[in-house]
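Below you'll find the structure, written out as structure tokens, and then a few comments.
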């Protein structure tokens, strides 16, 4: 177990280096001039550009720049400063991450609940009306574009019906004092409902489908028959024998999907203007703020690697057959 | 193992079992009943044919392809202007800067003729929403189709190689797969499309609209790991099948084994997976174009979708059309994929 | 009153390709402490018969009819609750594949304890003690320690022992063993059969022993039911069956068996394959493969009737008894030359 | 381990297997795989097969039977030891050099479902060996295939069908036809009837016997059913955990097993005769077959052996002691006669004489 | 007058302003974006300042912290005499030190202030010793000397724009609490004191920035600026649609990123520049630079003029919706001192084609455009259509997209392959025509890269004219430049000017429209003057 962890961490470090380096290279392949952002954007003047370029060492060879970046990251856990706003990236990410986390984890809970309910119910009653309706939902969920779903929701529930806010984030722990911004758990929840739904639909559909298939397969397993032969009532069969086994692959999937989900959050954050990582990324990309882009990539990579590690360990914990060696 | 395969036989349909029984009675008891042997593909076709939804989806896709590649030029000819043509003046764009509503008659500046905007104008340039929708279909299909092709070629080659040869080849390819997998995909694709995109946009090979190949390259580079994993697993399991051993036992060369015993078994998963992949790339293209890092200038569903919010409350239909187009296309590919999977692997349909 | 009395049991599955009549008019009865062996080829309906009795067939596409009287009450009519009280308590079952019959994510102990607590209102401690006791009884070394192991930590033979322990943990009156040794090696099979014999003496349960191994039946069963294509073709006391088999299919089975104790240069094979249950042959289902086929066999279904000599010996064949006796004697001479 | 020499084939010996070992490495590592152990699936097996005879191999699941079979037909490369076929050492042959030999040595597989490519027509499957070895034009091949179909009891008109249209027994016939296609001298049958029902099993066994008579084939017949092995074999080899524990002619082995393991196996077989069966007194072995990853020391059987003598069996590996008439068994305390009661067996008698007095060449007969 | 009106205005209240934009830097020496300066003008106390007044009055410098200044005869030494009574929001008194500190910070190497370019320009404003500090060789700018209440600044050469430059917010009185070489980003309470009527009380990047009344800003000499509001909150990164809805619902007081499709509606409802809907010009001009160093436009005045006649400016501006700006055809927009209201090129395809005929050279043209958003690509499409109308073959037009501000970088590289650029523009840094004519079109300043003379105009005759105009002062300066603007566009046409920019505002009904004073210098409503109802 311990050795396994060590090896996994080493591998994660290697992956991390590769990914950050590739990000670096890709950014330098583009005709970007990060200095410009610092010099007032469109009307940047030569003197300023030169100054900033030298200041950030943007004229140095790429590996030197990478090494500088890497050193700073490892030894100071410092991602540097935004070229556009001058804000420390650590701080920027510290602000954006909770938003994305709210979205992703809240969404994940929602999609797991939906996926479980729909998946299990339709597996228990295959070909019933409910099952068929659920599968139509699943197909639409898989096929409709999240952006579109978002826009439609926004239009319907926000603009037309005025049930929910149509954008923005409310801080869970309360808004800044006398800022007049919405804040607090209830506002947080209220602001996140539409984003969660939008974000969760695709995955809810995918998971409902997968859970349905898993449950159906597990229902056919011999050990389920054994449980029934023991005289266990259906509820018990379902909860203590079927579900746990059927959900094992779901855990693995969760690990693999977190990366995809982080990506998907970009769309939701864009549609609902949530100040999360995805929006930081898009703003960074649009304003050539490489430092921010790199920061988001680094953070996302770490988050994904970490999450996967957790999932692996979790998996070994809930599935006694797996030995981490 | 035997059991699983056996179940297939049972459910291959009346034809298969009937033939088996007939064959048996014929073989062992002398009489030969003339039942035509059905090929693998024929059986699949028979199963597929029963699936009305999948057939419908297939028909829809064919129709879509026809519309996109043949219908679009015809439509263009018929309405007298192109998808990129501008109608900068009223009534295509009214004084308040709003695009025209469906069925608006406009005058074509170049020809002086009266044209009609069937679904209205798409934006403040007064471009024809209808034409852009059907030309957008072409781009969507091209991006999705070519990316799928790219992804499948890389994925199948690498995956099959890793699975078949194993050893260090497998180790290297598997590590590569894991590295690719660990990339935060969308985040990366967005940065990539924004940075190297503009340079790649120039490459069109003369036939593709600008930006199509950019997306294809980016999608292929980062999407191959999934089919590679599937194919590797497939080949690994096929490789262990006794019929492959049997072929090796009789001295067949690697090429021969791959050609006649491995590849034919990959066709089904490749087809099924490709269909589903096409669907996901239609979505991805629309998403990237929506974010402004995909296709520019040329009509694309994502572009159309992204101008939706500009006219949120005033022209909500502009949001509906491209959304529906994406939904229907993706749905059709997904349904077709499901249908194909059921046809290829009847066990799935028994669920 | 018989412990279990099955009358004209029928089960069919509605599949895409049509209706599969997996069990077609099976009747038998079983007394306390008796062992009934059921033999037959793969797919002849042995498992489905038992699953139907236990009410364990998938509900969706299954239609069953007939009666299975358990202590006088029809199991097929029972409400789910009543049935659950019988299952695992009065009747328990072990399955063919020990590798998949245990829940892989629960400890052996939990699964055994569950079996106890489902039927007995006892504390965890008591249930656990009972589980350990049973594990010891089925010969698991260091049972106290191993009770907390997971199934994957056990070998196939051990798992089958666990399954047996689980089946016996509530002192059932009937134990249905569906090919409990097929997946095991000879030596392990011997261990398991020995164990079952011993446990039957200790616990006194009746046993239905499904197998396609005639040897196993010969050694374990009191009564034998031979099934072919969803029907019973012969039902007799084990000595009767092996001593004077009355059905051509039974002869075929016996003849095609290579034996340790006899030298046969060529096996007596049954030509052809078992029929599909989707479209079974008319008349006697065995007729397409039967070397003694007559015209009547192709049209009329032979009933399961007692032989003249022995009312307990039931068989379903149109042949006259002399021919059968002659053929049986011939067969025995060829296959059991050295017997006795 | 001394370098294995290619054993001299003596006279009528078609196949000589000398001290063959096959270890599967167990590797670990995320980037670079390093070996941390091995599965000793076959661990020094020696025997020979004469032309025209059938050698049966029995043993419990996982004891290395299939691995051995695969080594013989060179589907696997051996880790050590030599295999000589028809006088040629095939262990070191390259793929191309091996090709001609592949015509003389084929294999029938256990699983009639998995061993036929479901996408290929029967004609292709049976004709493939001929095609690979360029044995004739396509029409000649077709004729030959139809001939073969007839030989194995199928209808020549089934030429164009797919495997899924056949039942298990018929599929196994197709497998047999494929093995026969190139007119081999040796056919290795790896549990060809295990997956079949008794009635069908009998058909295949009869077919194999008939073919042997007609074509003078040599078989290595692997099975775990002792009844079947007895029925078909001339000589029988018993394996336990990667090693040979006993080799003898069929009659000798079944009448007078020497190794306690063979005895246990024999006694465990249920007898389809109630009168005899009830009297049967099996020697019940304790526990299960140990893992081949770290097999027990010396005699691999010692932890389960009723005749185990501490300080001897777990220290000194028993060689294959000869018992005359080519009967050899790897046991220090062999059974004296058969059947023996369980009590008798448990009382180990005096050990056989030290192996040093035996010259190695004389061992397998 | 505005002064008397102020008395009638309500005091107090927090003004809520929401914007789609990302947040801006608040450190006085780093803030450089229009919005940032809007806030700086409310918080800063400068030596001289522009009053919070609309129209030409607002462009006249008046003394603020300095009571007067003198210039040495050679024009190289400026001496400011400082007033007493200015206090930072933390209570500290403002002295000459604080102005010196501002210059030290601007010049500081590590702080990398964009203001440094304005005091280290060898050909323009160059404070003695500033370069040294900027190169990291010194901490303090030697040319800035504090003597009692006097601030003495030494320049390396005389400079007519010095007063305009030193009035930029970079050079405001800066508290020495601010670290010399570190940017202040997050503000929470009092770590960014300032001496103007307001100070920054909070800055959460990309979320909320607040300014509040500087309680130490009491009336006195130089301290006459209005400050009605108790404070102002800026909510960053909002959506168009929400902002619009919230402003309509009076939850937000000011929204200047209106959804384009809503503009006409509110204009119809409230009228323009009357109550709640306002459209005000920014000090920016939009143009298409025509690269005079590449073969197509080199010495090709006819084609350059033809382009000017061909561009369909109406829809080009209209892409941003109604009231987004006006069609414009010369460089000086209405906020540039000395601008004139003339139309030089009226769209005329026939004239354009006539002019272009025979001057298309190879017939190939490369156009750089901005690819972000929907408006810029749409404008590129319009220009492309215009080129086609002019006679270029569609296949010969190469369009190259650039995201963000990259187009400026690309166009700024000498020898780039662009023939023209689309959606480009220039906004004034300081209200002087020099910032337009000389900066944008002066040939000798062309260097290898980072050019802003995107037209690469380098005509000796005009270079000379520009150089001499730069030396002029007073009304004559404006007159000469004003004429030069027209002449260049008529005779050289180095660019096709397309438009001016308007900001479209929607205010809540809490806002007192009488208090809206549009300050031309920073092209926005003066925060000081603003008041609620």
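Labels for the chains are A, B, C, D and E, by order of writing; each one numbers its residues from 1.
Basically, a contact is a pair of C-beta atoms (placed from the backbone, for glycine too) under 8 Å apart; a residue touches a chain by one contact, two chains touch by 3 or more.
No experiment lies behind these values; they were computed from the predicted model shown.
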Relative to subunit C, chain with the most remote C-alpha centre: E
Selected interface, A-E versus B-E, where C-beta contact pairs are more numerous: A-E
Separation of mean Cα positions, subunit E and subunit D [Å, integer]: 91
Centroid spacing, where centroids are CA-atom means, of subunit C and subunit D in whole angstrom: 32
Subunit A and subunit C, separation of their C-alpha mean positions in angstrom: 54
Whole-Å gap separating subunit A and subunit B, where each centre is the average of the chain's CA atoms: 25
Two or more partner chains touched - positions in subunit A: 30-32, 126, 159, 285-286
Residues of subunit D whose C-beta touches two or more other chains: 31, 167-168, 170
Subunit B, residues touching no fewer than two other chains: 20, 24, 28, 194, 198, 292-293, 309, 312-313
Complex contact set, residues of subunit D against subunit C: 60-61, 167-170, 197-203, 205-206, 209, 224-228, 230-232, 254, 264-278, 280, 282, 284-285, 288-289
Residues of subunit A touching subunit E in the complex: 30-33, 36-52, 55, 81, 84-88, 91-92, 95, 159, 165-168, 176, 179-181, 273, 275, 279-280, 283, 285-288
Sites on subunit B touched by subunit E in the complex: 84, 86, 88-89, 93, 95-98, 123-125, 194, 198, 201-202, 292-293, 296-297, 306-307, 309-315
Complex interface listing, subunit B residues touching subunit D: 1-2, 5-6, 8-9, 12, 16, 19-20, 23-24, 26-28, 32, 37-40, 171, 175, 241-243, 245-253, 256, 260-261, 264-265
Residues of subunit C touching subunit D in the complex: 41-42, 155-158, 185-191, 193-194, 212-219, 238-239, 242-243, 252-261, 264, 266-271, 273-274, 336, 339-340
